[in-house]
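The structures come next, written out as structure tokens.
Each of the next two complexes has chain A plus one other chain: chain B in the first, chain C in the second.
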Partner chain A sequence: MVDVFLGLPSYIVKRSLVAIGLVIIVGTLNFAILHLAPGGPETVFLNPRITPAAKALILKQYGLDKPIQEQYFLYLVGIVTGKWGLSYFYTEPAFDVIAARVPATLLLMVPSLILTVIVGILMGIVSVRRPYTMLDRFLSSFAFFFYSMPVFWLGFILLTVFAVFLRVLPAGGMTSITTSGFDVLDYLQHLILPVVTLTLINLANFSLLVRSSMIEVLDQNYIMTARGKGLSERLVFYRHALRNGLLPTVTMLGLFVGSILTGAILTETVFSWPGLGSLTFDSITRRDYPVVLALFFIFSILTIFSNLITDIVYGVLDPRITYD
Partner chain B sequence: MTNSSIAKSRLARASTFWRNYSRNKGALFALIFLVVLVLAAVFANYLFPGDVEAPNLGVEMMPPSSSAILGTDYLGRDQLALIVFGARTSLIVAFAAGGLLAVVGTLAGLMAGYYGGKMDGLIMRCADVFLTIPVLPLILVIVALTTPNLLNVMFAIGLTGWPVMARVVRSDSLALMKREFIEIERVMGASSRRILFKHLLPNQLNSIFVYASLSIPAVILTEAALEFLGLTPLSVSWGFMLNVSIDYWIRGTWWMSFFPGFAIFITALAFYFVSEGLKEALNPKLKRRRESLAVQIAEQKK
Partner chain C sequence: MKRTYMFAALLIVLTIVGSARAFGQQEKVFVIGTTADLQPGDINPVKALNFYYTAIVFPELLAWDKNGKEVPGLADSWIISDDGLTYTFHVRDNATWSDGQPVTADDVIFTSTLESESNPAFFSYWNALQVPKNGTITGVTIKPGAIVATDSKTVVFHLLNPSGSFFTAAGGFPIFPKHIYEGIDLTTTNLDVSKMVGSGPYIPNELVPGDRYVLVANQYYWGGKPTLDKVYFKIFRDSTSAEIALQSGSIDLMMNVPGPDVKALSLIPGITIGVEQPQIFAYLVPNFRPTLADGSVNPCADLRVREAVAMSMNMTSILDSSFGHGYYVQANQIFVPNMYYRGVRVWNDTIPMPAYPYDPVAAGTLLDQAGYPAQSNGIRMKLTIIAPSAGRLGTVGVLSMMQLIEHALRAVGIDAQMVMMELSSYRARYYMTPPKDWNIALWSQSQSPDPTNVGYNVNGASWNTGQGGWNGGGYNNPFATYLVSLGDNTTGAEQRVAIYQRIAGIAYQDVVNIPLYYAIEVVAWNSKWQGIVLGLGNPSYDYWGAIKYQNLALLTEVTETTTMATSAAAAPGPDYTTVGILAVLAVIVVGAIGYFAGRRGKKAT
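After this line comes the complex of A and B, so read on.
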């Protein structure tokens, strides 16, 4: 076995290089997909009856007059320097358009992520403390049912029940029109339904995973040893088994962060939440290529690096993993 | 062995399979449900004769009643008829995209596992790239840039979903390659094609089958999401019915969003149960271990 502390730095360097390679490949793919599409970017936002002089001016302004190789080169340079081009729709830098939407998505995703992980892990633990009982079966089916639901459908049901019939919660949006500035109570009211929706849908990712990995761990010899030397079941469970049983959740967390955009697109559409998800969807339908390219890129990078960090953290937590 | 005894042993195997499968009551009900759904979709024309898409003025957005059990939509059309016709879209995409994903993933995984080395590296890095790009936005872009029709939706879903399948098949192939019977074949000079398709493939058909059925719910949910987002203006589909209901739910027309969504949910759930039943029946060692489904879902996500 390779010494962890000798192998780790070189492993990190190697994995980082692979990650950077992936970033370049993904960036190239993004660029290619959007520019090789029928029509190309310029057919999207130009009025066909525009005069040739005006057309040339606009193309020049957006850098579309240059040869495709040069556009690609400028795109790669631009990514690094934060110059992501002008949005066709907002005629503002794409960077600014996206940056303005980041807080809304974070305000939605961070609470739901925390809630999902905590509730999911707790449910898994409760399940596995009494495996194959009614409670276990109920919790597992509960998580699994929501897992198979379309996220937008659950959103609709909750909206109809709580906003239309019971009228206790607002029907979408992030703030009420009447409030000015940041009103915490108002924000929380708007937050409840989307967060509950996202949490219910994603619970199974963690609860079923913790349950199955704990069942596996509790079956192992070292647990039998711990029981054999007379430790209480509580101590065996929480001190010895839980540590290893929770390892797979680290991987799941890494994957989960990467899938946030997918969840955001659907959830933000249903709840009219003004974040990156609705921006992605709107920009695709408007064919606002600079914004789409940039969003794609950001989320690909987020996925690549959350995977990278997951692998490294996993290695630190689980000394059995060797780096080669 | 004579022909009749081969037939007998096949029959015996089929009946063992069925006994194991039907022991899982959830899987049995799910299968019955799916068979009924497929039949209803196939014979939709006979169940609901006439043009179900034609608007009926005067009965728009009626709640469920004896004349329209699931209510009517914003054009006064019977929602039950629309949902049965919508099953066609869902099931066609589910089977076609699921099949495409399975074929591409299986071939990629077999090649990676059999040839190893550079081929393995190339295929698996390709898979990594696909796993890195956020899938739903990628599919959205593909569908938005090409003509948004059913065929492109199927291709987009099928071509973005293969990497997980490829990983599963690759690791199974790697394990099989170390087995003696493959080594003997190689020593005897069997061709690559023989080893790939006479040994590697048949020996993991069961797990390929199970994983393909396990990927179908995800295909159904993705297809519904695409239609819900309104990028594929298909006249009759569950996702698009939900898309239309966005404009009306605030008036309390719960049936317009509830029933199409319920159809998506229950169909996806049924495929999960069937895949669980298949796995238990094809792999008796795993029988009665329900947690394995969760493990597989977790594995699939990796």
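After this line comes the complex of A and C, so read on.
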């Protein structure tokens, strides 16, 4: 363990520098793709009622009259300073627009993430404890069944069953429409269906990974040695095998954090959840450049740095890893 | 292990049963489901691109009945001079803002000036009063002295020239409070929704972006105390989600029900379906220019080709297949059937229905005459049709319609390639600087009793046919352009309507556009509500009339024992019987899995 940390600071510095470079490259690509696409926010104003002078004034207000190089430079400066510009649609700072949606997204994503990981790992463990049995096959089939299902379809089915037929859960939204103030139970009620949807869809990522990884680990010589020493099966499994078997899960987790945000777009659409996913979709279709670019920047940062953290944690868990 | 499974089963049961709650409400509320996102700009006078929500908070001087005849709104009387140059409106004596201040003529003057100078979308509605001015967003302003207040409640407009559209424009504009908005740069600032002041039956109270918009009753409303305490607009990202919410009782009314869903929704007990009068005209716009952007010849510049395209399509059959019988109106001209100008119907009865008879043989003959005979592979020409994949025309029904149109055109030898693209790209392509790179575009127009906007279809002025112009096809008939200008300047209702009927006739003869359908907006609501009236609304801005502010103030709920308004009844509660049965089943299934898994585990060891 000590060896791990000897090279860690320089590793972090190196990776951080690489990450910054990645962010700039990704940000540049985002900017270029967005501006190269035909159309733009000015198409909203292209109608006979607007004079060329008025259109020019509006474009000036949005900074769209500047040369593209200048817009790009301002965009890069904005990334560093946090001044992401004024939303064309909301007429509010893009930062404020996004910040208002972050709590909703965290409320949806964090429980989904935790539940997916826990249930997925548990399912994988249960499967590997009873390999090739009916239970194992059932759990694998269960995971695949929901993995192959379109998320919006599953969401609508759950809504129809629980909100329309049984009327035990609300029909979408983050809170009851007419509720004011903070009602924890109300939030929890509204959270159930979207979290269950996201969890079911993503379970297979972890359960099958844990299962296959553990089967491989349990075949290793050191496991045989541990058994040969007379250790109980429970001790062998949980003390010696599980930790190594979970290593690939750590990698998956890093990738999952980045993808779950973008994957929430459909879930937020189905459940009318006012989070970042729906904001992303709406901003793209509206060509609300400041908000879109800010969101892409956030997603890039999350993905890049979650992978960095994954690498660090991986090194802590696996003593074979050294940071050079 | 058995205990683990039993515990899991118990947890499932508790979660389901424990989650059941009745959705009781203490206030009288009405919840409207919408798929249109609401943002502060919707109630910002110079930002709002439509005034549907604004009109609830800030009523207009006039209102309109189902025949497009003006009735009192914020103004209770008006006088138009014989020469059409002077318009006098009297604001109701009891019209009051929600902060207790009276609505005055100064508010009307302020609104007119604000919109004229700062609203790039609607500034032209004050055209007859404007003079150039540097420094304003629009480059114009109201001529000093053109609008005056003769007393605190009377405002007089002195036009520089006659304007046929001025009355409906000025009378149909939301009026904003001068004492709240004056001095604020609304191009960069939105007001705090919770502190807004309005004169309508409800005023904004809360706006949660992407989630909901809340209005509360205005105790000072001049139309009397509203029957509801609150009105909610709940935003849904998807119409299916809104339909589920309607069925579950979470919302009371859903706007813009997609055509394919109407039949299924109408079969559900407790849901009423209502249809708006059609105010949206969907059509194909042929490109009139002789060449395309790549220099190739544009076949659609030839009238015979345009006629052939129109006659190749059996629109009745296509529309029935795409939208379902009864939820569209087949179009035959540029005006919607319920277009009335000051009570006079604009519809041209002489144009046949369907406008162009389905006759593929005749279409083939026309194409032969135009110089496009069928080749050995049966193809006469290739055409590019552009269409949006979102918005009003990006629906499943429209996609189906366009696919059927493609097939119909191929049957007469026209290799039509439909290019669908996202809305912004589509608009950029439609509005691109001529020459265009498409032969036909799918387009739509929201119309109102005032025919002014329809004139944009045939107005051949360069600003209208160039980049950004509505006349994307580039149709240029000097006489039609003259008639449009004449119609704008004619104030007599009968005379003005006659001009536009003539324009409709010219558009039909020249196949300026190929009419497809007039969209019917379908609205669905919980049958427990009384007083929902659909129909024509503000002629210029909230063209899809839906439920008007006057109706929102009068809604009542039907109960089992009385029809008087009562406290809002609780939404239907949980189905405990079914929940109980499912819970028992869940316990049995989970328990069985655990039992058999345990037995196998013992056998294995």
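Just so it is clear, the second predicted complex is superposed on the first by the 301 of 324 C-alpha atoms of A that agree within 3 Å, B and C clash if a C-alpha of one lies under 4 Å from a C-alpha of the other, contacts with A are read in each partner's own complex, and residues count from 1 in each chain.
The rule is short, and it goes like this: contacts are C-beta pairs under 8 Å (C-beta built on N, C-alpha and C of every residue); 3 or more make two chains touch, one makes a residue touch a chain.
Being a predicted model, the structure only gives us computed values, none of them experimental.
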{"item": "Chain C versus chain B on the shared chain A, clash or fit after superposition", "value": "clash"}
{"item": "Contacts of A:L135 with chain B and chain C, given as first, second, both or neither", "value": "second"}
{"item": "Contacts of A:A294 with chain B and chain C, given as first, second, both or neither", "value": "neither"}
{"item": "Chain B versus chain C as contact partner of A:F145, first or second or both or neither", "value": "first"}
{"item": "Which of chain B and chain C A:I157 touches, first, second, both or neither", "value": "first"}
{"item": "First (chain B), second (chain C), both or neither touched by A:L208", "value": "first"}
{"item": "Which of chain B and chain C A:M174 touches, first, second, both or neither", "value": "second"}
{"item": "Partner chain in contact with A:T303 - chain B first, chain C second, else both or neither", "value": "first"}
{"item": "Touched partner set for A:L191, first chain B, second chain C, both or neither", "value": "neither"}
{"item": "Touching partner for A:F165 - first (chain B), second (chain C), both, neither", "value": "both"}
{"item": "Those residues of chain A which chain B touches in one complex and chain C touches in the other", "value": "37-38, 152, 156, 159-160, 163-165, 171, 269-270, 281, 285, 287"}
{"item": "Complex interface listing, chain A residues touching chain B", "value": "22, 25-26, 29-30, 33-34, 37-38, 140, 144-145, 147-150, 152-153, 156-157, 159-160, 163-165, 171, 204-205, 208-209, 211-212, 215, 248, 251-252, 255, 258-259, 261-262, 265-266, 269-270, 280-281, 284-285, 287, 292, 295-296, 299-300, 303-304, 307"}
{"item": "Contact set on chain B toward chain A in their complex", "value": "128-129, 132-138, 140-142, 144-146, 217, 221, 224-225, 228-229, 231, 242, 245-246, 249-252, 254, 257-258, 261-262, 264-265, 268-269, 272, 290-295, 297-298, 301-302"}
{"item": "Chain A - residues contacting chain C, complex", "value": "37-41, 43-51, 53-55, 57-58, 61, 86, 89-92, 97, 100-101, 130, 133-135, 138, 152, 156, 159-160, 163-174, 176-178, 180, 185, 189, 192, 268-272, 274-275, 278-279, 281-282, 285-287"}
{"item": "Complex contacts: residues of chain C adjacent to chain A", "value": "15-17, 19-21, 23, 25, 27, 29, 31, 37, 39-41, 44, 47, 49, 120-124, 137-139, 187-190, 206, 208-212, 230, 232, 234-238, 240-241, 244-245, 247-251, 390, 421-429, 431, 456, 459, 463-464, 467-470, 572-575, 578-579, 582, 593, 596-597, 600-601, 604"}
